[in-house]
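In the part that follows, the structures are each spelled out as structure tokens.
Consider the two complexes below, in which chain A is the common component and chain B and chain C are the respective partners.
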Partner chain A sequence: MNKSPEAIFDILYIGSHLQTKLEDFNLNEIQFMAYLSCLISLYDKNPIAFWKYKFIKNDYSSPYSVELHSSLNFLQKNSYINETTENYYQLTERGYSNLGFYDSLSSFKNRKKYLQIACNSLSIIPINIVKEAIRKEPIMKSAFHNPGKRFLLDKETPAMIALYNDFFNLHIAMNDDYNDLLAPAVVWLQSLSTKNPTIND
Partner chain B sequence: MLRFNFPNITSIIIENFSLYKKAEKISIDIDKNVFCLVGANGLGKSTFITILNYALTGIVKNPERSFTWYNSVSSFYNKSKSFAASYFDGRINESDYDLAQVTVKFKIADIEYKITRGFFEPDELRAFEKKDNTGKPIDISEKYTSSELDQLYKKHFVQDSGLSEFAQFAFLQSYVFTFDETHQLLFWDSAIMERVLYLFFGLDSSTAKNADKLRKDINAYDSKFRNLQWQITQSRKELKKMLEIDEDSLTEKDNDIVEKHKELLKDFEVYQEELNSIGKELQECDLNIADLSLKISSLRAEYDEIFNQSLINDTPVEKDEELLKIVKDIKSKIFSNEPFQEYIDRLITLFKQQKEKSKYTDQEDSFKNLKKIDEKLNSHIEKQETVQKRKERFLQKEKELHITIEGINKQIKTIEEDNKNVFENISGAKSSESIALLKKSFQEQIDRYLEQKEESHTKREEARKELKKLESSMSKSFVKAEETFVPKFNSFAKSFLGLEIDIELNLNNKGANLSLRIDDGKRKDSFQLSESQRYFIDIALRMALLGIGTNEASLLIDTPEGSLDIAYESRAGKMIADFSKDKYSTIMTANINSSQLLLELAKICRYNRMHIERMTDWTYLSEVQNKENDKIESAFSTIEQLIKEDEQITGSNI
Partner chain C sequence: MIKNQEQVNFFKTIAKDQFLLMAINEFGNSIIEKVFKLTDGITEIYRQLDYNSFEHVVICVSANAEKVLHTYDKDLKNDFSSVNIFATKSGTSILIEINENGSFTTIMDVTIDIDHIKHRGVVYSYTKNNDEELIYTCNKSSKLTPIPGADTYFSIQTFKSLDTALEQYAIKRALYSECNFLKEAWLDENRIFFKPSPESLLRDSLTDFLKITFREEVRPEQIVDTSHPVDIKVTWQMVNRIALIEIKWLGKSLPVLGDNFSSTYTDNRARSGAQQLSEYLEANKIQTPDKNSKGYLVVFDARRWQTNKHTNSINNHNGNYYRNKEIIYDPKFDELRSDFAKPIRFFMEPKISING
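Let's turn to the complex of A and B:
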């Protein structure tokens, strides 16, 4: 069992937001949104280890974390979330009650900031565009071309350097005028989505 | 691989030890695999372990000092001798000073030793007897003085044990064969671990002695190297004094130059002092960061555990995969007309496990606990961030100061070079001794320091090279021993932790070390194990080392259960029972009022292999201890019954 406190919290938190916007959610959407949140935390100058769990690339060129997968199974098995249609879920009353409590803990305060930005970006950009954009960020793009198994966010790979370069340019472009992280996140996602043909093309 | 013979203790006699008020003479035979001394806190259980170690080695380990302070095995042994007197001072009354003594009997291979020591004579023996493996006593002249007896004992001991010096035994007995109240862990103390690895995996015990010396040398050269910079600063100060001159003999312009020069030297001194004080602040910050990070790590492990408890684990019946599988199996067995009782039993076990689990899942309680730990964790993290910020501020300041000092140095040099004639004039003005000569001697001094610095560097590199050679031979020997050592460690550690554990030898600049990889590598760092779990993993390492290094030994464990999770207590008991077989024995102390550890140990070992000694026969209890002791007595009866059941069974069998 690879469930972890952070993965449990992230699923409940992202799940509740997706549910408000889209009625329900699936594992793939959670993986994308959690990965996006993790990238935003890197943009905000946190170290990689801050996110507590890691991602790899799955066979469909999506970010994948085993912690999220196991935690989702656990939550479903113990009725914190219920399956609505095949592979789509909603939070139950028990799920909301636990989320309410975890939300009051200091441990999740710092990561909540990034989950919130990722979820709020959905008010401006539809989720499918967000997914396409993430597939084109330097690390996912490099992983797509690389068949080997490895963690997506690893120190000092050329792709990681390219990602930090993107972030550096973004900082300059935004002129540090924005105190919140939503504007850079949205600008980055939009620029990625219009950048190149998608890797599936 | 069985290169050593370590003592297997068979009896101990403690006489006139004032702390144990009830008994003038305590005589104990240790003829079973497990000897356990039980009693309330404060009665002297840890003291018993210390007495035993003192009897064998003549030293008492100072709990306030880390091994790094001693820097070498022989220095640890020599410097620990004097601590024995201050340790026993408060525990033995004035009137018992000369009478108090301890006698210990032990076997090394089949050779029997018996020694008697006074508590304030670390380098002496009151009696020494040795019988060879046929039981024949060796000749020891009656003319020997007590310190000659001690020398003789050490000589024989070294010869029979296979070690190369007695200090190595004192080190092993204190840090490896004893898990004492200081809880110094091998896995998390690289200085101790390196010495242990050389002893157990080096080519022979003299390699360990060499490696120990080389490591000591490397540290000494390192420290000398650092000290030289300070020496150079001091020389600058001397130069400043040297330039205290007769100012009348100089022109106004010369005076300005000299004044400027003096001022710069003064500035240099001030900034250098500031640099020193920043160095101290940085050290303090590092210490605080390390301390907080340790606390955060152990809290984080606790946090994860309680977080999991906060999630109710009640899978509905229709989703319970394990249950569904058993039902399916029963169905298929019924249809194929095969026996299915085994599956019914599995079903019952599953229900029992689930019932047990549900006992521990009180969500409200775990929410409360989680909140508490969360607050504590957060406060430590905030503190750590504050200290980190402070450290960064000082680092920045240190950097700036280095630049300033370098600038001042350059200015001093320029002034001196540009105004050679002025300073030569000064030398002329100085009545007693020529400045030029003084300057020359000053320069010579600096040159000497530079030379010494270079020499320390070369010597350090040479010693490093030598150590590298030893490291490589030790590494080869470790790989050879892996076949026996790793499975041994794994079987102890796994029976305790229930997880696969990998153990790896790491060699880096800091020296050789063992590291753990638990399960899938996710628990690589120590912080993922709770404090008490770490204790037992460390005990498992000691058991495995003894298992491959010697055919017999006594392991001493002082009140090990600590704050161990109830689920692990019985596992810990099983681990100790697994080790305590044949010629391996465990001498331990315990406060048994709540421990499952002893129950499990008693269940496995029973009458044949375990003896429990109560401290109530040794000393009087205070009111508080009396209250605590009631609980202990009741737990004691339970354990006694367990042991007696076995006795009855054994009796009826006969």
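Let's turn to the complex of A and C:
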């Protein structure tokens, strides 16, 4: 079992938000939103290790973390989440209670900030548009052209350098005008969904 | 260096027209929660309200303690606490304020002057005649990018079942060619003949719709083996299941009116598609024995009755002749194989001419 406290918290936090919006959630949606949260933490100048667990590109060119998958199985086995229909879940009372407990711990405070931004972005951009945008960020885009599973967010790969370059330019464009991370997150996601007519890559 | 500057400018252009950032610029960070109240509120309201039946729908939130609608005569206003009430509303226009406590103030059938209210908060407007959605904040407005397959930006349906998603595609997109890919596939706006080789546009249209509405993984044109590509592959991450979608089209295609038809496909084409898909499924069994696969044959049906290479208009009888003519498959693979779904036909209606 590769479950981790961070992955468990992330599933409960993201899951509760998706449940409010879509009535339930699946693993694929959790993976995308957790990966987005991790990228926002990088934009906020945290090191890669801050996220505590890693992502790979799965067979379907989506971000995938075995810790999230194992933690979801753990949460289901222990009745923190219930399967509503095949492959879709909802938090149980026990799950909400556990989320409340994790939420009260100071060690998760910094992490929650990024999960919250990712979840709030869904009030501005519909979820499947967000998912498609994430597929176009430099690391996922590079991984798409490389067959097989590989770790995303490896230090100093060309794709990672391209991502940090995007974030550097985004910082310049936002010019410290917005002290809420949601603003750059939304601009970045929207830029990924909109083809830039002046940049050929 | 130039590329970096171009990217910075690109981000700035997006930021300038993004409604959340516009609202923050006008009202400060305190508006963020209110923007969520507005956008989430619109989604809730649109689950109940038959918004398409209104000429104009306006929904707003106040940026401060004073209500946006406070200047309207109180006799015009109605307050509701439950969003369910919107299921009962009909008229030509509806103006809704989402209040701080989550209740709603509504004014029906008045001429809505956005300029009168936009300086007091964030205002969303949907106008039916031009299908345009805008968000206003004081002096600025942002046009919401239309989302293919969705009636409005805030009413995207999502599906857990592939069969339901395909049914919805048939109605929402294919029947009246309601997307740019399908519009591009026709020779002209009369929708009688396709241009030559419309396959990729038909595939892109369906892929695009599924990506936006279906909650599982959707990828275009995955290779089963080198001689058997399928058009779209859908995967369920948790349950080892995949759906392989094969697309065929029926009807006629030509480069310009008067030229010879480049292709003419009858219901035989659908039957050979079924045979092909059955073969794909066999190949896929070998390639991915650990996956539970199901094949879907989808047929875009643009058959028209009594047309020739000069036909430039069509009447109701000839245009809709095949509308309810289902294709008879022999063999019926969906009855012979458990991994073959019942074939789906998307009839595509032409523009009917009274004089056709």
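Quick note on the criterion: the second predicted complex is superposed on the first by the 193 of 201 C-alpha atoms of A that agree within 3 Å, B and C clash if a C-alpha of one lies under 4 Å from a C-alpha of the other, contacts with A are read in each partner's own complex, and residues count from 1 in each chain.
Quick note on the criterion: contacts are C-beta pairs under 8 Å (C-beta built on N, C-alpha and C of every residue); 3 or more make two chains touch, one makes a residue touch a chain.
Small disclaimer: the values here were computed from a predicted structure and weren't measured.
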Superposition on chain A - do chain B and chain C clash or fit: fit
A:S106 touches, of chain B and chain C: first, second, both or neither? first
Chain B or chain C, by number of chain A residues touched: C
Contacts of A:I161 with chain B and chain C, given as first, second, both or neither: neither
Which of chain B and chain C A:L182 touches, first, second, both or neither: second
Contacts of A:I127 with chain B and chain C, given as first, second, both or neither: second
Computed vertex angle (chain A) for partners chain B and chain C, CA, steps of 10°: 170
Three-chain overlay, closest Cα atoms of chain B and chain C, distance in Å: 16
Chain C-facing residues of chain A, complex: 21-22, 26-29, 31, 58-62, 64, 85-88, 120, 123-124, 126-129, 132, 165-166, 168-170, 172-174, 177-180, 182-183, 186-188, 190-191, 194, 196, 198-199
Chain B-facing residues of chain A, complex: 2-5, 8, 74, 77-80, 94, 98, 101, 104-107
List of chain B residues in touch with chain A within their complex: 303-304, 307-308, 310-316, 319, 367, 370-371, 374-375, 377-378, 522
Residues of chain C touching chain A in the complex: 3-4, 6-12, 14-15, 18-21, 24-25, 29, 32, 35-36, 39-40, 43, 147, 150, 153, 156, 158, 160, 211-217, 219, 235-239
